[in-house]
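In what comes next, chain A is part of two complexes: it sits with chain B in the first one and with chain C in the second one.
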Partner chain A sequence: MIQLFSGDGPRSRILALILIAIGLGLAFAPFLFPGVRALETAARICVFIVLAASYDLLLGYTGIVSFAHTMFFGLGAYGVALASTHIGRGFPALGAGTLAGLAAAVALALVIGLFSLRVRAIFFAMITLAVASAVTVLVSQLSALTGGEDGLVYQIPRALGPAMRLDLEIAGVTVTGKILNYYLVFCVALVLFLVMLRIVNSPFGRVLQAIRENDFRAEAIGYRVVRYRVTATCLSAGFAALAGSLWAIWLRYVGPGTTLSFEIMLDILLMVVIGGMGTIWGAAIGAVLMVLAQSYLQGLMGYAAGASEAMPILSRLLDPDRWLLWLGVLFILSVYFFPTGIVGRLRARAAR
Partner chain B sequence: MSVQSEAAPAHRPTIAALSPRDRLARAAPFLLVPVLVLLGFALIGSVPTWLTLTVSGLAMGMMIFIMASGLTLVFGLMDVINFGHGAFISVGAFVGISVLAALGDWTGAASLGLNMAAVLAAVMAAMAATGALGWGFERVLVRPVYGAHLRQILVTVGGLIVIEQMIHVVWGPDEIFLTRPEMLKGATLFLGAAIETYRLLAVAVGLVLFVAMRLVLRRTRIGLIVRAGVQNGEMVEALGYRLRLVFIGTFVAGSALAGLGGVMWGLYQEVITAGMGEQMMILVFIVVIIGGLGSVEGAFIGALMVGLLQNYVAFLAPKLALVSNIGLMTVILMWRPEGMLPVVRAK
Partner chain C sequence: MTDTLLDTKDLSVRFGGHVAVDAVTCGFRAGELTAIVGPNGAGKTTYFNLISGQIAASAGKVRLEGRDITRRGVSERCRLGIGRAFQLTNLFPGLSVFENLRLVVQAKRGRGTSLLRLAGADREVAREAEAILSQVRLEPFAAQPVSELSHGNQRKLEVALLIALDPLVYMFDEPTAGMSIDEAPVVLDLIAGLKARADRTILLVEHKMDVIRSLADRIIVLHNGALAADGPPAEVMASAVVQEAYMGRELDHG
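Now for the complex of A and B:
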């Protein structure tokens, strides 16, 4: 088991329990929580765990801030969408689209990385912001290719659709293609997660952490800092693109709002910061918390806004559209008072 | 230790003249804007069109410069990169436009004096508001994270979102359309080209501001301290100057300028949204990067280039306009990876 986790176990009993609960919950989600909405949430959690973990590779382990992570996510998603539209329904289209998106993301990350990380790591944040916004504009303008703001709707293989029913019933739930699709997403996400855990606990991952702590010293010891940073950028972009492909296969729709928007970028940032920067496990916990909060708390806000209608300012502050305001506040507070996140806190408690 | 020789060294030091090549390399950034203007003329071919595009490009560039100047100085002085700068642009625009709307009698009158008084009042209110906001922002958000770039970026991005959302709370979720004051509406005919009055005003304000900023930085004592602080902060502090105060002053002034830029941009576009600051930030970052972080002159040249190029490209090849800025940044960074006029830092 420890080997499967690459020697980086939870190292805290509470954390281990939480993670086991998450793992079991996701593994048996279709049968534990029947219903369309619960399955959607579970799939979203799987995809965002991979996405947040891949961002953590960059932010937490290498200490580089990128604002282009949704761009790479989107490249993977649009790869699948375009391939499914042009090649036609089927597994070859999914494979080709995933590979194309992956290649595009890694190539773009390489170019951006070489350009900005060569001089100053701080350029990277600004340049990724500029490039990502240009790509978002481009995607919404080139509507002939990308469907513009409306996005693309396409068909995935029949075996993964809700119309396909197996003659099999488990715990009172009929197994459909949708459930098979969920298990595809779950299994791929699990494998990607373990691979990332492997990467950050390899000697390569150690060097990344050394660079994060003191890049000058890492360079002096003899590691080529730029090369490591660029490699980390490419790896992180690649995993993000794969997460995007999974998301596209699950949703059967891509659009700027679901893949490229700045809001998603903020969600990812928050997942990593709340869960704990510099721990892949933290990304998993952060993703679960954020997705659950988004799916169920936003409705609660609407209720609170309705209840406080008598006080106009308060009601406006609690409007569900002001969700981002509270995310922003939470984000600032967690960076200040909670820099190691949930995982960091729990591990520190266990070590005491 | 080494024995000091009594006599002067035997060789005679001479100051060699720079080769023409070196001179050209040094002057190159300053020549880029004229070259770009001439190139635009060669490609466009028609004098009125070219003139219109050039003036609007310059106006846009000046406004971007006003927003970018504070950011680049703040970075130069304290190594602080403020992603929340865009929020000041939006707040400035909303405060300024609210004041203009309240002074409807003045803006509606066909009198240049009253119109300008209204604009001036709006600008003052906006600058006061964003200056105060900048002061609070520095105190609450930026101060605890000095020297930690990663947390700085995260916290200031959080600040940007919170301020942007608060604009939604105060002014409502919709964009606000506005009309410029009466006398700033029309256009002047010059060499067959119709040039909007407001653009001329923007160019004038930008130029005045640039000259004033240069004078302050080059001719006054406080400017000297700021420039010295950019080059070697520790030394300035060792000499007894309180660099922190200078820095806070610069931060507040930069925020106020962002507010000014916000009002001007709002009047230029005739519509304001809470997200406008975030959109402008992208141009501002490009300008600051290609100019060289910490360099006011670099930001000026960069801003003019971005403004001109955007207007020329939008006319010549509209499809390319979306990526022209990224292209410009790529080319400049391939030529000079640190930006056009990087600030020489003492280590």
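Now for the complex of A and C:
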């Protein structure tokens, strides 16, 4: 099906199996992995797959480094949060907030792009950093509107909340509004992902790759490079905003820490690099690995620390508080051994 | 002259105090291959850059079919019909040979803006790219990334990209530089084949005299950025002034 849809398959049997496993795992997550924690993780994976893929559109396909991706993510999230707060609980608020966030993100990306992409790619990176920092500060200062550091807590339609229970049980799990909410997130994320996969394989997407490879020559064969770069920036911002709206619908809470923080920006960057830049599929794999590591590495380490109590140094190294250290070690190893990312590595293997 | 495709009028560019191209006025007719010669640093490549738009002129005009294009950008000049192959190979290294050509055909046909169609599904573009691929005999390498290609084949592809673009003005900047003796003729045959197109004009920067002798209808000589000679090959090459002052020893060997 995916082959028909974009013509850009995994091109490696191992990769295909991994992707099918991820797809099935996410599609049946509420029933395969019952429990609140697992469902939270699955939803987080769905959202971050879209977010990382939208960043790959920029970084991997167009060769533009941006540090404002979380800002666009945040715009989508705050759009939903503000609309739900002011319009009141309901689907119209979700729709209006999503559209407003999307429009704001695309407009801002257009301005930043037109302003800075004419000059030099490095200039764009710096501008995005400056604008993103300014927006983060602004959001924490404008507490009357945004709730400041505390963020906003709001209500979403009843049908999507845990209190709503259907008289339906599948595989021993009662279907609640939370599960419906999960499927909303999953389905929208799936559609967005497939659309992005389609875009990178379109004539437009190929031009982006040409620009990444050699912008000078792309211009010399007749492509208006600046326009393509600005369009790519706007598209990427739009998809990021949609991911943010999904995240806000799922969390029922929006704050600087969950959407705008620089740590999330780094997470996205690492997801794309570890998964494999310029493949879109890599974003999916990177997002799964990162989110799983963040959610379960600490627990796993606590278990390992307990098991190795006899060896004091090892036990201390495996202390759950050291989980960031080990995450760092994993990153360095993966970038060192898979410079083209997991997808690049697996495809190279399959091509041999 | 009604069939002048491209002409430059008093075209100049200064870099600080240095005049790199100095008031060059010259017309290029359809159906003609003009070789541009001159010692290193004479301003040949800079003159090319001014015509194709990589460098903005300090003074003077560039006209295509009588239309002033001096202030137009690189990509717009390309769409209007000025095509350029580069001295240093300048391809899309991570993409396949076929994709390099496909991108050029896609650019020529103005089909790069579609977001939701599939690039591979455009059979028209693909067929044209395939045709050029076989014309330059690079089919065996179609799926290879350009970065893995030999230097000679990269030069061939460089010329092929320009053929795929099929501009009104073909500009070749030392197309056989660094190619082996048995590889160069393929590229030269391709350029010779283009001369059959009576509605195109070809500009060729070249050092090798045998190449110029076999291809050129006309030679212009640049020296210190200025036009020093202009005429049929035999005449220009025979002129003692040109031989001594501008061509150096290369011509004596040629």
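What to note about this one:
Going forward, the second predicted complex is superposed on the first by the 309 of 352 C-alpha atoms of A that agree within 3 Å, B and C clash if a C-alpha of one lies under 4 Å from a C-alpha of the other, contacts with A are read in each partner's own complex, and residues count from 1 in each chain.
Throughout what follows, a contact is a pair of C-beta atoms (placed from the backbone, for glycine too) under 8 Å apart; a residue touches a chain by one contact, two chains touch by 3 or more.
Fair warning: this is a prediction, and the values are worked out from it, not measured in the lab.
In the superposition on chain A, contact is made by A:317 with chain B only, not with chain C.
In the superposition on chain A, contact of A:331 is made with chain B only, not with chain C.
In the superposed pair of complexes, A:131 makes contact with chain B only, with no contact to chain C. Taking chain A as the reference chain, the count of touched residues is higher for B when chain B and chain C are set side by side. In the superposition on chain A, A:219 makes contact with chain C only, while chain B stays out of contact range.
Applying the stated touch rule to the two superposed structures, the chain B and chain C interfaces on chain A have no residue in common.
For chain B in complex with chain A, the residues that touch the partner chain are 81, 83, 141, 144-145, 149-151, 153-155, 157-162, 165-166, 168-169, 173, 278-279, 281-282, 285-286, 288-289, 293, 322-323, 325-326, 329-330, 333, 337-338. Put simply, chain A touches chain B in their complex at residues 59, 63, 65, 115-116, 118-123, 125-127, 129-131, 133-134, 137-138, 141, 262, 266, 269, 273, 313, 316-317, 321-322, 324-325, 327-329, 331-332, 335-336, 339. The touching residues of chain C, counted against chain A in their complex, run 52, 54, 73-76, 78-79, 84, 86, 90-95, 99, 102-104, 106-108, 111-122, 161, 165. Residues 6-7, 195, 198-199, 201-207, 209-210, 212-214, 216-225, 228 of chain A touch chain C in their complex.
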